[in-house]
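Below is one structure, written out as structure tokens, with a few remarks after it.
Going in written order, the chains are labelled A, B and C, and every chain counts its residues from 1.
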């Protein structure tokens, strides 16, 4: 049974729904990311779980108990804020001790637990400092320590790394994953940074307009997006919309106008209802030769723009079916205007909704 | 440009001479040993400073002024801090209208407010003059308290409040443990600014005088009408010293913007 | 946050202001239309047809207008100078401008009595250097009132203008100069229009402030009445609360009309649209 269940939850501001009939299950010990563009409802979902927001309808079950009306201060969830939200008037020690003291833990025990947790986040020796005397990364560690020390039943992160610079961001996310796995604590992590979510999560839920479009492990999402939105979000830039789809000799036959394409019938790529095909720029090929390779679909076109990317060249190729973007490593690039053949590998054709 | 800057500097100097000159002159005249105000004074004496403490009305009205400004301040804080918090923290319908209501005491001419209060608070509601004075000064202070506290709250990250809630603190506990300590300097600045506004108030107080009840500024007005000795100059110097000290504290707490944001 | 909690925070303040400010003000205004039991505009007719009343109103408006104009003329260049200074000097000058603002208006008006009186500093100096033989009658005239009011409100306009001017990007002046404008043209075409919002706010504060000031006219104006001292005289000396209420209403109306018109003007003149 799932540790956390959101059941047909709706959240609305001024009669405008942010979430409607929203469902989510999270297993114990997992780190699940909510990923999506701003306004997709990921932060709302997180704040709802934390208890900062109340659902209009629906149910929130946690560990088998109904938490829907349990106020935030009775939930025992740890929350790590985007702005860190450290108490500016308190030292690092007192910041971390805040939750313990509210729980009437005796001072000897408070001291021990605070020092232990500062050890976990590698901040020994900083306990007397005030937040304004710390760097961004250190503040982040204090915020994590403060949330962890109360031994929360659930740990929640709201864009925790977005105020850090790029290098620190990578270090901190490794750190967060390490701590989460060490303590085996169930975690919900919200971010708009794809790489961040994919690198640390057991499961990623990609949200769009208040709905989870796909919830899978990172590798599955990366290879097998289910919808056009997901595909675009994770870097598929080329799309072909087909008019007809039929099964043919174990492959899928697709048609639009005079063009016929074949796609592999793989359970990952062949979304049963999809008539749209998504392809990454790296998976397409450009050639001036006439190949007869059976693994390829072909489309004629001409090079519109050619740009140098460092390791490869990027071409925008104009065809009857629109423009396609292709990345290809080669010695001498094609010129603009040159007639070329675009090759679409059958097994890279991902069918999406 | 150099030329023009020098002209502008001289002009500014003259403007400040105009602003501060009279206050400097009044300070000198307070040490006049004779019975008539003169500048420059004909000698040096503390005589008129001593006189302040001999005129009983100055002492009683000073006490009234202090009482009204301090207790009124407390009332204004009790009414104003929750309102400032609600107005800064939450979005809700009618917020703009409420803001306008809380700021309106500075928009309505003071002398009109004083008269309306005399008419209703003293006569219709039948409150004693002392209570009327207190109420009037509370109304005068309220917008200053709300403005300064709200401006202090605008620099406060309310996620900090949510952090306290998520760690198990209640709403009220969060306010006293986390919000209040972080806007403490704003609140002190608000108290001092409101105190100055109330202590110097004439427009309301001038209507709220009765047998044995009056404030220091009103007593000074009455005294000037009948006397032209340097006692008022001596009081002025003391008031200016207090003003300068309070202003310095406020500047330390919130910077000069506490005065310039209106 | 539940609705209930929100009301609990706001209600005490709103109730207090309603009881002790809004009701008194609204009732005072309403009372001017009911005299001896029936609806009337008699008070307003009396006010608008009595040359004495009209003269007081005109004097008040005139004094306020001159005060505002002089404050702008003195305050604008000074504010521009201050806004160009480094942080430390700017802070000191601003503090020196704020200090008189926080000082009791009784103290400030009294200081002008010492200067402008018959045997005051001004007359004695002018006589001693032989410029005049008989002392000038300045104290207890509209001129004395104006000087007192300018002294009272000049800091306000300086502070407001410095606030606006220090936010004007100094590169704008350089840009104007690079396009061929002289220093003065650049000032006129860039700084002046961009200062308009501050100028309007400052002017509202000064004009409305002068219009309704009590202490300064009471001390420096002598027998010359302005509308605020006239209100006081009717209410306390003459005990004519009906006329006092009419005057109070007229003051409120003028105040709000001025604020409304100046705000309109501000939107119209705001260079940022």
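Details
By our rule, contacts are C-beta pairs under 8 Å (C-beta built on N, C-alpha and C of every residue); 3 or more make two chains touch, one makes a residue touch a chain.
Listed by chain with UniProt protein names: A = Carnitine transport ATP-binding protein OpuCA; C = Putative spermidine/putrescine transport system permease protein.
Note that the coordinates shown come from a computational prediction; the quantities given were computed from them, not determined experimentally.
Least step count on the touch graph, chain A to chain C: 2. Of all the chains, the one whose CA centre sits at the greatest distance from that of chain B is A.
The innermost chain, defined by the distance from its C-alpha mean to the mean of all protein C-alpha atoms, is B. With centres taken as mean Cα positions, chain C sits 59 Å from chain A. Chain A and chain B, compared by their mean Cα positions, are separated by 55 Å. Inter-chain centre distance (chain B to chain C, centres taken as mean C-alpha positions): 18 Å.
Of all residues in chain B, only 157, 159-160, 162-170, 173, 178, 181-182 touch chain A in the complex they form.
Residues 1, 4-5, 8-9, 11-12, 15-16, 18-20, 22-23, 25-26, 29, 37, 39, 78-80, 82-83, 85-87, 89-90, 92, 98, 101-102, 104-105, 107-113, 115-121, 124, 135-136, 138-139, 142, 146, 171, 196, 199-200, 202-203, 206-207, 217, 220-221, 224, 232-233, 235-236, 239-240, 243-244, 246-247, 251, 256, 259-262 of chain B are the ones touching chain C in the complex.
Residues of chain C that touch chain B in their complex: 1, 5-6, 8-10, 12-14, 16-17, 20-25, 27-28, 74-75, 77-78, 80-82, 91, 93-108, 110-115, 121, 151, 154-155, 158-160, 162-163, 183-184, 201, 205, 208, 211-212, 214-215, 218-219, 228, 231-232, 235-236, 241, 244-245, 248, 251-252, 255, 259. Only residues 50-52, 72-79, 81-83, 85-89, 98-99, 102-103, 143, 146-147, 150 of chain A touch chain B when the two sit together in their complex.
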